[in-house]
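In order of appearance the chains are A, B, C and D, and numbering begins at 1 in each one.
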Amino acid sequence: MASNNAEELITSHDPNHPANLICELCRKFYTLGWVTGTGGGTSIRDGDKLYIAPSGVQKELMKPTDMFVMDYESKDYLRRPQNLKPSACTPLFLAAFTMRGAGCCIHTHSQWAVLVTLLCERTSEPNVFSISTLEQIKGIPRGYGPEKAGNLGYFDTLRIPIIENTAREEDLRDTLEGAIRDWPDAHAVLVRRHGIYVWGKDVAQAKTQCESLDYIFQLAVEMHKLGIPWVKQ
Amino acid sequence: MASNNAEELITSHDPNHPANLICELCRKFYTLGWVTGTGGGTSIRDGDKLYIAPSGVQKELMKPTDMFVMDYESKDYLRRPQNLKPSACTPLFLAAFTMRGAGCCIHTHSQWAVLVTLLCERTSEPNVFSISTLEQIKGIPRGYGPEKAGNLGYFDTLRIPIIENTAREEDLRDTLEGAIRDWPDAHAVLVRRHGIYVWGKDVAQAKTQCESLDYIFQLAVEMHKLGIPWVKQ
Amino acid sequence: MASNNAEELITSHDPNHPANLICELCRKFYTLGWVTGTGGGTSIRDGDKLYIAPSGVQKELMKPTDMFVMDYESKDYLRRPQNLKPSACTPLFLAAFTMRGAGCCIHTHSQWAVLVTLLCERTSEPNVFSISTLEQIKGIPRGYGPEKAGNLGYFDTLRIPIIENTAREEDLRDTLEGAIRDWPDAHAVLVRRHGIYVWGKDVAQAKTQCESLDYIFQLAVEMHKLGIPWVKQ
Amino acid sequence: MASNNAEELITSHDPNHPANLICELCRKFYTLGWVTGTGGGTSIRDGDKLYIAPSGVQKELMKPTDMFVMDYESKDYLRRPQNLKPSACTPLFLAAFTMRGAGCCIHTHSQWAVLVTLLCERTSEPNVFSISTLEQIKGIPRGYGPEKAGNLGYFDTLRIPIIENTAREEDLRDTLEGAIRDWPDAHAVLVRRHGIYVWGKDVAQAKTQCESLDYIFQLAVEMHKLGIPWVKQ
């Protein structure tokens, strides 16, 4: 329940405070075409608090006062802006936070992400995007835990699961959680005809992975147009 | 007729004042390629007044003093800048304001809008752009009134009417009004080989719909290049 | 010959002073991809003086002190920055100023301009780019003088002459002047595998025409990829 | 070994100080898509010192305090920021500095560079990118020394060697040095499925060459899509 001093939660001069950082990230994501038309979303975990961008707002114009703040343990809102709706992505962000210990989760509607899900649909393996032998693959972690430390190597194959979209964003929860369980190394899940969820241990990792994946998806679409296979033979 | 205190109509420190907001929107639209080469236009209704960007100016350099202000009831100009011409879009903006109760109407020359009108021309249904099963469709309202509240769903088909372009922009009025009557749910009308008119109940709705549609048109062109049908079978 | 007070020629707080305006335009052109890698150039006539951006500089970093100033009648330099070279475009800019009374001439290396010259090369009319029935054509003047006042109409065909590139930019002068003579209505000349020269009576007209043409060239390349003819049958 | 006054090496109000300039360049390169997701790198030689951007950081957020400084003769680090790793590009930058007397070396992951290496792979000459008869080729130096002074001409063929990528960036050193030896005129080396290394005698030359090459690669990909050969017959 929102306390009287909830404004303290989102008021800081520190540009790296989550309430400021989410606004700055969303401005950047807007210019990248990731959160067009109020699409997409971003969430940061800061200790026992989750900061979540609201639903349905112009992401490039967001202010710290627009931010929802949730208690991580109880899932109660510590701060709930009047006249704004919580993000429909919230249960999906929570999947990454609770199941993978993420510190930041980003959801984009990137057109390149959507296009690779459409191209995969026509292959013999419609539920996974696979690509290999590109330097930028090194921007993606190998998995979790000490035995999977570090990032993928140049000769590895990056594999990102694809789940089907649902009528309501909240309904993605079960299949997203399923994909996270089925793909224990994954740091991202594509949603067909919709976009992508990407997470990392902190903002820098989540954001740079999101950038690397978007670069790879754009390159993959261009490679397809030029008749170049995604996985090198 | 312009009164002596017409400057009051466009002078404000509030960034959300229509005269300031139109300038800010047009700067953003310029970077999106929507108002290249003085193309396109924007209008906001503020109670009994309409604020309209002038014709033939560099949209990214527009100043509040460039703004035309019209009395909504009488259609008389309350303010008419010297040496500028009223927008040829004015009768078209009025159609959205009067027939649909719009609060903001945006006209762009987006290349993606033009390209989908060209692609539709070759289909069996040349006068409508139809696409389905994309998350971004949820950015578009279902229609008007309580029984059509809310936005389209993921499994719905978005349909935008296309009208033929005319020699003079003013001459689009009859067919635009006709399309608005014939498509009672529409929040936008495409103009073949020209661009699009998009409106909403307020600036945020008009602008975010315009973004969602442009995203969808760009995706549609890429889908066409990749041989992916717009309406899922 | 540079006089002692040559700094006065390029020192002004007015953002519309030619020395300031050329810098601002070139920053904008850089973000549009028109003057990549020191390519392209810009010149403004201000009464009896010509202001010309130098050769071989990073266009987005240009300062008023980098500007060359030429006396329009004598063609003598009134200001010649040390360590900079005059633009190789100078004789080509002069053709537009003297033969067409231009107030501003812009030269870009736009990739879309280059691509349409390459596509035209394979047609039966390799020395002219023709396109019709696009709203954006209205951004281009019909010609010169009272009987050709106003801009092209929607149903008109825009025709831009294409000349062959030469080893040295200066050597384009004869063919550019020839094209200007042979195409008495033209406000622009394409140079094959090189870019475009666009001029107008003032900065606003030259720049907005340059934008409209670039929009049209980009659209033309996309239309070609989609199998849509440039001139409507 | 880092001395006590190492902060002096990277503290300056001069925007052209290497520590400031690398940050400014990387911000620009980020918007160009060259250093997405911590990819790419930049290094400047300033007399007896090398300034090198660190590994694995968000390039658009880099600060002068993130900079590594190396003594050019001894190759000892004069400054090594805590918690940052030296760039894996360092031995490759050194190849350009020592073998070609470069003053600046830039490494990008440009998608256009990657795509041309993929397209070349399918040709009879997979280890070189060749293109001719484009004005922008004039942005690239002919070679080194007085007898190769000046830049390539319009009718020349630009040839850039392509080396195969390796599992670790450091392992590119031998083949990159080999390519520099085998191609005595080259100012850049493409790395298959990875990106490009570009150098010049100073920052302006390296950066503008990098821009010209990227422009040429993008144009080459578009030419390929349109069926236009890279080397004019």
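Throughout what follows, a contact is a pair of C-beta atoms (placed from the backbone, for glycine too) under 8 Å apart; a residue touches a chain by one contact, two chains touch by 3 or more.
Just so it is clear, the model here is predicted, and its values are computed rather than measured.
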Can you name the chains that touch chain B as well as chain C? none
Give me the C-alpha superposition rotation for chain A onto chain B, in degrees, nearest 5. 90
Which chain is most remote from chain B in terms of Cα centres? D
Gap in Å, rounded to a whole number, between the CA centres of chain D and chain A: 31
Computed distance of Cα centres, chain D from chain B, in Å: 44
Can you tell me which residues of chain D touch two or more of the remaining chains? 225
Inter-chain touch pairs (all): A-B, A-D, B-C, C-D
Within their complex, state which residues of chain D touch chain A. 33, 36-39, 58, 109, 111, 114-115, 118-119, 165-167, 191, 193-195, 221, 224-225
Partner chain A, residues of chain B touching it in the complex: 133-136, 139, 153-155, 204, 207-209, 211-212, 214-215, 218-219, 222-223, 225-226, 228
